[in-house]
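Comments concern the structure below.
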């Protein structure tokens, strides 16, 4: 087993442990639940089968649908977020480029941001961001 | 000269454009423009001819029209005896028919469209005549096809007319496909497409085309087979009779169908002996086949159509036998008398309110005397009776065949017999016999705007043999030695006599085609001419009828069916099948793309 | 780093951004003028680029680390792109008036797609190639599905999206393989590289990239999307897709092949020859049955792509195919634009553009009928119009190639047969325009009223017709023009 | 065992790529098909990164940046389109997109 894989060993172990823990918990609770149900007589209060045995009864479905607006904003976020990826290589070469060709390093990023900004203005003006409409 | 020729060339185009753009509403103005343009072209051609007298004009005008790398095409005009005479024929006959049309189409709904098409056709035809290189000729060749398509389909409400137009165009395309290939091969072999330089090269070195010489020649000939409706692509011409009769006269009898022969003569030097023999036999075959078919027709225009076919076969055969001058001579005379025949037929049809069945005509000799006499003159010319022009040209062809190819001479003579037979069958039944229908008995002569062209053409038909056209063609295309003239003449006249007697004995006073309903009506006078009657009846029933039916069947099923229909059908079928690939399901598409890519990988990478 | 190489791109981007933002503040009734404004701007830009900007067509300039190249070829293509975009914008003027979504967005998207094409014309390494292609494609995802209220538009968008995604995937993976096989992204370095580090990887990548580009230019077997998407998209978009996107794909394909073609990659040219044959046959045969005009145009485009591939192969083999290809592209541009303009004018909103809508067109408006006829004649390759000479030039190249390799005679035969077969659709349309049969007339939905045509559209149609006729009758003029442009032009 | 080399990466990438393509071809749900497309792109990304790691050249990683951004843009457009289709046809089954054919 050579070094290149060796360094991944802890990660592997951690992954195994995590998976085992999660699966183990699920299996355990299921088994216990079954066992208890079997042990109980017919007189099971319905409350035993609801998530919380006391307090308010839950109303409506557990998963309610989100408005499309949510996805719209999420998409816009992803778009602007992804663009940031170009800032990393830019930042890497920023220092030495600044020395030799400041105009290029500024101009390129400035134009890039400007184009993004056009999109941003468009998004605002078409009320893509506000929830009401 | 060249500028004059160009004016003559572009006059009809101008008129076509003018009609199409401005005077679509006003019929008479359109007709006036068109007729004027054609007459103007005729005058200019006469002027040119008067100046040059058949001498070849120096080719002054050849700008570098299209040059792609080493491929040079220049747009110019050829003015030698050939093109000069052809100019005269096209514009002369054309003008006569233009004028005639003005009377014939008077009642039509869309006269303007008709005359626009006619002018467009004149332009294209003159373009072919004047072309000085293959590309130029091919372009006008296509234009002629298009305008012919438009004119055949003039009465497009009739599905038959539209289909006939389409059939004509498609069939021609099959020929043009070969023609185009031939042109490409000529260019590949000789490096030029100018007729003059091709002629020079071939004179210098007859084998310049190399091993592919014969093939190239035959490919070029394909164009002629399509345009001049030679076997096996002749199927479109009879259907083309769906068009208005003047159109049939101009395009499908006098000029356009002759363009193929003209082209052959233009590049005659390209053809090797083998190619020539093939050409000759195809011509002869067409002649006899078409003549046999004509015997069994009852529609007046179809009879003329089949006779046109067989006459074109004569011309092509003459070219194949090495006599382009003879072919051109017959082309010229044929243009005269065949146009005259069609116009006469048109006048009859016009008088009988578009009745075309000859068995419903009759008795027109007295009622339409001008039409009858001119028609008779043309018929005699077609049958090669002296002193009419047809006699001289037909006699030359027969002599040529006699001199070079005996079997073809026999075929040509038989064709001559048949020609006389069916033409006089037509004349007797339609004109001489008593009237057999109500419109026929009340028919009267057509207006003078229609009869005058008839007279004009009749004069040409009579004079055509004497004004030395053949000499001019021999100057242009060189003289070829002919066989024994007296024998040929004897054969021709003998053929005429046989055919005439046959037709007369069978059809004089016949009310129906005696070949089928021979008994009864004919029985009482059968006793007098019993011998002839039996003889001809036997001859007709057992040879002509059989052969004609066979030929007709062959024509209808093998050629039209397998040849033309088959090709288009195969294409349509393939399209229909390939089309099924467009299922409209994205995943099918994705799957196909993936499979194709995998296939390419497996084929080329692994 | 020299900015003048991307002047056009920058300017067009600015125009697009301006229109996009401007449309937000413009009152709604003014917005419908935006397409014409954009078109006018492009025309001005084109004229300036031809005469004013002092573009030197004879020298080859490189920039941006070799990613961008400017040579005669790129300049010719850029002018073609500008022209086609101008035509498209002009024809979308009547279209946007009945558009629910904004006209500003529409024009801006078309302009951004144009930017992508302009980049594609001078892309000289794989990064630029990928980015320009994607700029075009992603923009077209939106454009094809722009009529959100029409099912067929949405469907066209979805189909283009899925299949375009597949094509993108193929192309990117191909690029990665090429990178693995050659160790560089720059086409110039690849052309200098000898021998290639890993030939097999390189070939595999090349094949995949060609497949991806083949999708853009719609050659068999990557053509399946074309008819559906053409039919479903808004007509101006279809026109842009059929002309702009196709030409861009060809530009990239030619650069790619020109730089990568070497004895070891010769297999690609054989493959392309086969694909060219298939495309010609498929396009012209399927066109016979097709009565839906935009699908018909798709099939015509497929067969045209086949003919153009001949030129591409010739150029990759070192023959001078540039002129033939540019000529054919110009002819195709004029004819297709004219056809689509007429179709867009005739068809009513939400109507399926079947050939019945042409019935009796010459009675309604003879001008349009004549225009349509001319462009169809040119597309069918009937002399003496532009299309004929385009095909002629390409076939001539084929003849030259066949001297060395007789196999090309087959290709020649197939091409000629397809030209003949392509007359079928010609008849279908001409007959519908001029002599509709009574059956068709009874089925015809169109009223006999003349079709209103605005002045800008008349102008653009006139330009198209002039182009078709001039290229047909005086081809040498245009050829000399191209010759002048690409005279000192070396592939590098 | 021997160390992991470029070819191993490329094999994995090819497998991923084919999986994605398979997903596009087999899955009926538009969104799942879309995931397949993303998988194809990411396979290519992995290959590019691996190459530029083993060839010690950054070009590949630069292209990866572009691919990621383009993929994001595609996702945005594509999801918007799919939502529109879902609203109109009340289904995201690709088999329902069959009005344009032949």
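Note that the chains take the letters A, B, C and D in the order they are written out, and that residue 1 is the start of every chain.
What we mean here is this: contacts are C-beta pairs under 8 Å (C-beta built on N, C-alpha and C of every residue); 3 or more make two chains touch, one makes a residue touch a chain.
Just so it is clear, the model here is predicted, and its values are computed rather than measured.
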item: Chain pair with more C-beta contacts, C-D versus B-D; value: C-D
item: Where subunit B and subunit D are represented by their mean Cα positions, the distance between them in whole Å; value: 65
item: Separation of subunit C from subunit D, taking each centre as the mean of its C-alpha atoms, in whole Å; value: 27
item: Separation of subunit A from subunit C, taking each centre as the mean of its C-alpha atoms, in whole Å; value: 42
item: Separation of subunit A from subunit B, taking each centre as the mean of its C-alpha atoms, in whole Å; value: 83
item: Subunit B residues counted as touching two or more neighbouring chains; value: 579, 582, 584, 586, 590, 594
item: Multi-partner residues of subunit D (at least 2 other chains); value: 21, 24, 33, 62, 73, 94, 97, 99-101
item: Where subunit A touches two or more other chains, by residue; value: none
item: Interchain contacts, given as pairs of chains that touch; value: A-C, A-D, B-C, B-D, C-D
item: Touch list for subunit D against partner subunit B, complex; value: 21, 24-26, 28, 33, 94-95, 97-102
item: Parts of subunit C lying in touch with subunit D, wherever the complex brings them together; value: 126-127, 130-131, 134, 138, 141-142, 145, 148, 151-152, 154-159, 161-162, 165-166, 168-169, 172-173, 175-177, 179-180, 183-185, 201, 227-228, 231-232
item: Complex contacts: residues of subunit A adjacent to subunit D; value: 1-2, 4-5, 68, 71, 75-76, 78-79, 82-83, 85-86, 89
item: Of subunit B, residues touching subunit D in the complex; value: 579-580, 582-587, 590-591, 594
item: Complex contacts: residues of subunit C adjacent to subunit A; value: 1, 13, 17, 20-21, 24
